[in-house]
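Read through the structures below before going on.
In the two complexes that follow, chain A is the common piece, with chain B as its partner first and chain C second.
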Partner chain A sequence: MTMPATVAELVRTFKANGRIVIVGASLAGLRAAEALREEGFHGSLTIIGDEPYEPYDRPPLSKQVLKGWVPADHTKLPRLRELDAQWRLGVAATGLDRATRQVRLADGEQVPYDRLLIATGTRARQWPNRTEAALEGVYTLRSRDDAARLQQALVARPARVLIIGAGFIGSEMASVCRELDIPVTVAERGSAPLVGALGGVIGKIATEMQRDHGVDLRCGVGVSSLEGDAGGHVRRARLSDGSTVEADVVVASLGSIRNVEWLEGSGLAAGFWGVGCDAGGRAFDINGVVTDTVYVAGDVARAPHVLYEYQFLAMEHWDNAVFGAEIAAHNMVNLEPDYYPHLLLPGFWSGQFGVNIKSVGVPPFGDEIVFTQGSVKERRFAAAYGRRGRIVAAVTFDHGRWLEYYARLIEQSAPFPPPPPGWDRPDDMNPIPADFPEPGVPTAIPDVVLTGHDPNERRAEFRPRRR
Partner chain B sequence: MAEETAWQQALRKASRANPYPFYEELRKTPVARQPDGSYVVSTYRELVQLLHDPRVSSDPRKRPGAIPGADPLEANIIEMDPPEHDVDRRRMTRHFGPPERPHMIADLEPKIRRIFAGLLDDMKGKTRIDVVDEFAFPGPVTVICKVLGVPLESIPRFHGWIETALDGLDFGPEASDPEQQRRLAAVPAAVVEMRQFLADLFDQYRKQPGPGMLSGMAHDNGPEGRLPQESLVNNAMLMLFAGHETTVNLIAHSVLSLLRHPDQLEKLRRRPELIVPGVEELLRFESSVQLWHSRSALEDIEIAGTTIPAGSTIFLCYGSANRDPERFENPDKLDLERPNNEHVGYSQGIHYCFGAPLARLEVQTAVSEFFRRVENPRLVEDPPPYRHNQIFRGPRHLWVDIDGIRD
Partner chain C sequence: MRIVVDLNRCQGYAQCVFLAPEVFQLSGAEALTYEPNPDDARRLQVQRAAAACPVQAILIDRLNGAERSVTS
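So, the complex of A and B:
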């Protein structure tokens, strides 16, 4: 047999008889499973998830669910096709043995695989003080159960909600509180809301938005401690500036932690920023050698990106989960030269204080910003981020229909600032510093991060201050 | 006389039934300068790029040498730029869809079903029908009257004015023919009458509120206030004609295309759920809005190896972009299951058709019911006679022989 015929035969045999295991039963895991079947994979397919629920959609949790429009258990993801898979829900994966190709489960079972997809995503960072975190009325928001509990707490009309951290989720929750006419304080260690993701210029606008809607926003302060009453219910927070906030609901919105602990000892390039993989989703081992059997997709993946100097990019975005899963699935059941690259331009959306915020590209990669369309005063505008004379990202406030224009400019590495529009020009169209926090300044970590060139990034570490 | 360009040939009346060979020629130059200095964009990629470019204006009044009032359709949202466009569009859509009216279209479904069922009932006992006059036209025009709150009795009157206005419009080499000049001369009077008709209707609704969008818009107390009288009339005119002409053409073309492709019709009969992706494909295949004429460059725009100079008129040829082989595999093949069918039949960007959900529901209902109930439909004349208008391209009549109407 010629080589191409051999490869074709290998692919055919694998599609018929291979064993694929997907660890992670959320958006990326589900879409990968569907894509595998769509690719003609007829072998055995096992999906492992630590939550007891079938895959559900997370974006509504901090919006429609919290508002009480949609019950938390009505967020199940639509199925795109029949799956014929074995679901192992409610049991976490606890280990990976690449030598024997087995995934170890919390109940002691070993699940063998020929190809493995890691889609374990992230979890909410808990309030670091365990005793305080255990107080009644202290919440985080990541899962369906979290959302259901927090929504119940809001229905009970607390006297005040304290949100710690003004990233996207924290800001969305503050917006919901104001819509429900619940008093809310937001404490943010950085200089402004959204500053890590969008920089200080946009952060200033986000600050005004929050204050205009009656949020008691306090920036540049941390929360030092939480205090409970005799019944073990949270009542008060002490802030780093010495002030206190009386609140009976506290939500820690401190960003996310990548679920990689179960990979300890597996020899994969797994660390703080996730699991390093190539642009086709194939995982790297700790030496930077790409594996043939282990793939990564979704929030937990970090892969080099052609548009950003081939730095490893970690994206906690919905479309990254969907498209990354589809690419990984394709590559899992194919061989060179039929591999596809995952060349997604990062993008996200958020709804808060009546404004639809959307972005493309990697804003923190830029150091300058220019308003390109609309009116900042009316909070409907488009702005572009630049670095060394080329456009690298854009953000829109109630101007999402223009995003495609900026996406094309970013894909082409077009000059920055972009040419002025023919109408609806902002008052000031001069580029100014985008004002991102210096590395090391404590603030929310943006949900799209360039994490350097090292496939086995282990240097960055989160060390909560011990008192 | 210089040889005609592919664009000019495509615009000739004789090309109306099949402009596609000329489009194929046209696409060899994605952005093609015409003898009159306008630019025609015929390829998918370039057309989409310009739809999203904020240096392109939709407002003919911004062109150098524009004569105020020359265009009977001006000063509606389709011919405006931000920020005014955005405000006016919101003042209209809040009476049509989410977030303010999330159930409006879904709630119309039973009514739409009844309307098309009634039209099919009326064909009982006939052996030959005109799909345009007996089905594709009366259905959508009734629906848009209900949606807007325009009395059904006025259909013959405004239909006449719209026909006159659309017949008068010509962007091709035949525009200077004496007959076409006569048609053009009749346009202003028809537009004046239509304006008066709508202005009277608004006056009536201001005194006595009624159902439908027009009354809602006349009494609007939304966050951005009410459209001024002039804009109310201009945009009512737009919704009234764009709200059915395009749907009429799509229903007629869908029947025609499916009768021309028995394999696809057979597939649809076996799997009725294919009507949903099917209508998208039918719209890609025969686009109800073939071209748009009102855009222009406000700055020099470099695209596809050429520069469109500031001030130039830009024609966007949706009908050609939807048949671009660079974007759609085998574009001249009708495939109801076509994957990734991101056609531009409803445009893209800020002027994306806000009536699209209504059009989809109407055409899905009409075409499904037609082929479910009409027994053994056969084309009498292929190609059928076409209407004059180049933008809203569609058959004037579509004669079909039938064996009967099922219940």
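So, the complex of A and C:
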């Protein structure tokens, strides 16, 4: 038999009889399952999710759901095809044994696999003081249940909401509070809202936007403690500058934690920033060797990116979940040379205070910014981020139609400052420092992060040199 | 029925807002919000909105509400 025939036969047999397990039943898990069937995979397909719900979309939770327009259970994701899958919902995966190729579930069951997709995503970082976090009226926002509870709390018209952390979710929640005419205080440790993701120049604009809409925004302060009343309901927060805020709803918006604990002992390159994998979604083990059976997609994946010096990029972005899942699914049921790369230019959006903020690329990779179109004063503009004479990212406020133009330039590593597309030019088009926080300055972690080159947790056992 | 809008792709042309105003709304000049699980009675309206979207950002479920039951 010729080699190509052997490979084709292997692929055919696997597609007919293989066993695939997907851990994670959110956007990436669902789209991967659909893509596997589209690829002609007819074997057994099991989808494991710790939440009791079928896959739902998370971006609406901090916007139309919180506002009360859309019920929290109305965010179920559309199904693009029949799956014929075994769903194990409401039961978390608690362990992975790569030697016997089994996933261990919280109820003790072992699920065998031939190929495994890790799509366990992230969870909300909780308020660190457990006693204070347990006070009634203290919330986080990540899941559908979180959104339902917080929305109910807003319906009760609290006297004041305190949001801790002014990243995208925190800022969106503040926007909803103002739309509902609920007094809101935002406490941010960094110098401005969105500063970790978009830098201080844009952060200053976000600051003005929040204050214009009546947000009591306090930057450069942390929340030291939360205090409850005799009934165990939160009443006030003490800030690091000595001031206090009276609030009966407190939302900790402190970013996310990647769900990798269940992989402990599995020998995979899993850690704080997620599970290391190649650009085709194949997981690395702790030695930095790529595996052939374990794949990663979505928020929990970190993979080297060609545009950013091959540093490992972690992206908590919607389209990273969709496209990463499709690529991983393709590669799970194919062999070399038919692997696809997941080469995605990062992109996200955020609706807040009536403005559509969109971005492409990795803004914190840049150190300069230039406004290229529109008007900062009118809060409709485009700006580009540069590093060493190359464009690496762009951001728009109500100027999303121009983002494609910048995306193409970024993909080509075009010169910075970039040529503006020809009209609506701002008066000042000189690059200025983008003013990102120094590493180590506490602020919200941006949801697209360059995590360096090291794929493992330094648990590798080094082989002694031969004499 | 179930829909999702790829808001990376959406450019705020608002054709959907004109065709199905109970399902799609603009918040400000460009930021789209929508009801992800609208009533089935609006299916035709939503399909028209999806067809009219200049950037084809609206994804509609293809199982016509006949999704399989999810077992746990």
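Here is the rule we use: the second predicted complex is superposed on the first by the 454 of 467 C-alpha atoms of A that agree within 3 Å, B and C clash if a C-alpha of one lies under 4 Å from a C-alpha of the other, contacts with A are read in each partner's own complex, and residues count from 1 in each chain.
The rule we apply is simple: a contact is a pair of C-beta atoms (placed from the backbone, for glycine too) under 8 Å apart; a residue touches a chain by one contact, two chains touch by 3 or more.
Nothing here was measured: the structure is a model prediction, and the numbers come from that model.
Chemist: Looking at the combined model built on chain A, do chain B and chain C fit side by side or clash?
Modeler: Here chain B and chain C cannot both sit on chain A without a clash.
Chemist: Using the touch definition from the top, say if A:422 reaches chain B (first), chain C (second), both or neither.
Modeler: After superposing on A, A:422 lies in contact with chain B but is clear of chain C.
Chemist: Pick one for A:64: touches chain B only (first), chain C only (second), both, or neither.
Modeler: Second partner only.
Chemist: Touching A:414, do we find chain B (first), chain C (second), both, or neither?
Modeler: neither
Chemist: Quick check for you: in the superposed arrangement, does A:148 touch first (chain B), second (chain C), both or neither?
Modeler: Touch status of A:148: no partner.
Chemist: Return first, second, both or neither, reflecting whether A:401 touches chain B, chain C, both chains, or no partner chain.
Modeler: After superposing on A, A:401 lies in contact with both chain B and chain C.
Chemist: For A:375, select first, second, both or neither according to whether it touches chain B, chain C, the two together, or no partner.
Modeler: It touches chain B, and chain C stays clear.
Chemist: Given the superposition on chain A, which partner contacts more residues in chain A: chain B or chain C?
Modeler: Looking at chain B versus chain C, the one contacting more residues of chain A is C.
Chemist: Let me test your reading of the model: by the given contact rule, A:11 touches which partner, first (chain B), second (chain C), both or neither?
Modeler: After superposition on chain A, A:11 lies in contact with neither partner.
Chemist: Need the overlap of the two footprints on chain A, from chain B and from chain C, as residue ranges.
Modeler: In the superposed arrangement, which is not itself an observed complex, chain A uses residues 380, 401 for both chain B and chain C.
Chemist: Quick one: which bits of chain C touch chain A in the complex? Just the residue numbers, please.
Modeler: Residue positions touching the partner: 1-4, 6-8, 10-12, 27-37, 59-63, 67-68, 70-72.
Chemist: In their complex, what parts of chain A are in touch with chain B?
Modeler: Of all residues in chain A, those touching chain B are 372-375, 380, 401-402, 404-405, 408, 419-424.
Chemist: What residues on chain B touch chain A, complex-wise?
Modeler: 48-49, 52-57, 62, 81-83, 86, 297-299, 348-350, 352
Chemist: Which bits of chain A are touching chain C when the two form their complex?
Modeler: Result: residues 52, 54, 57, 59-60, 63-64, 69-70, 73-84, 86-91, 318-319, 347-349, 351-356, 358, 380, 398-401 of chain A touch chain C.
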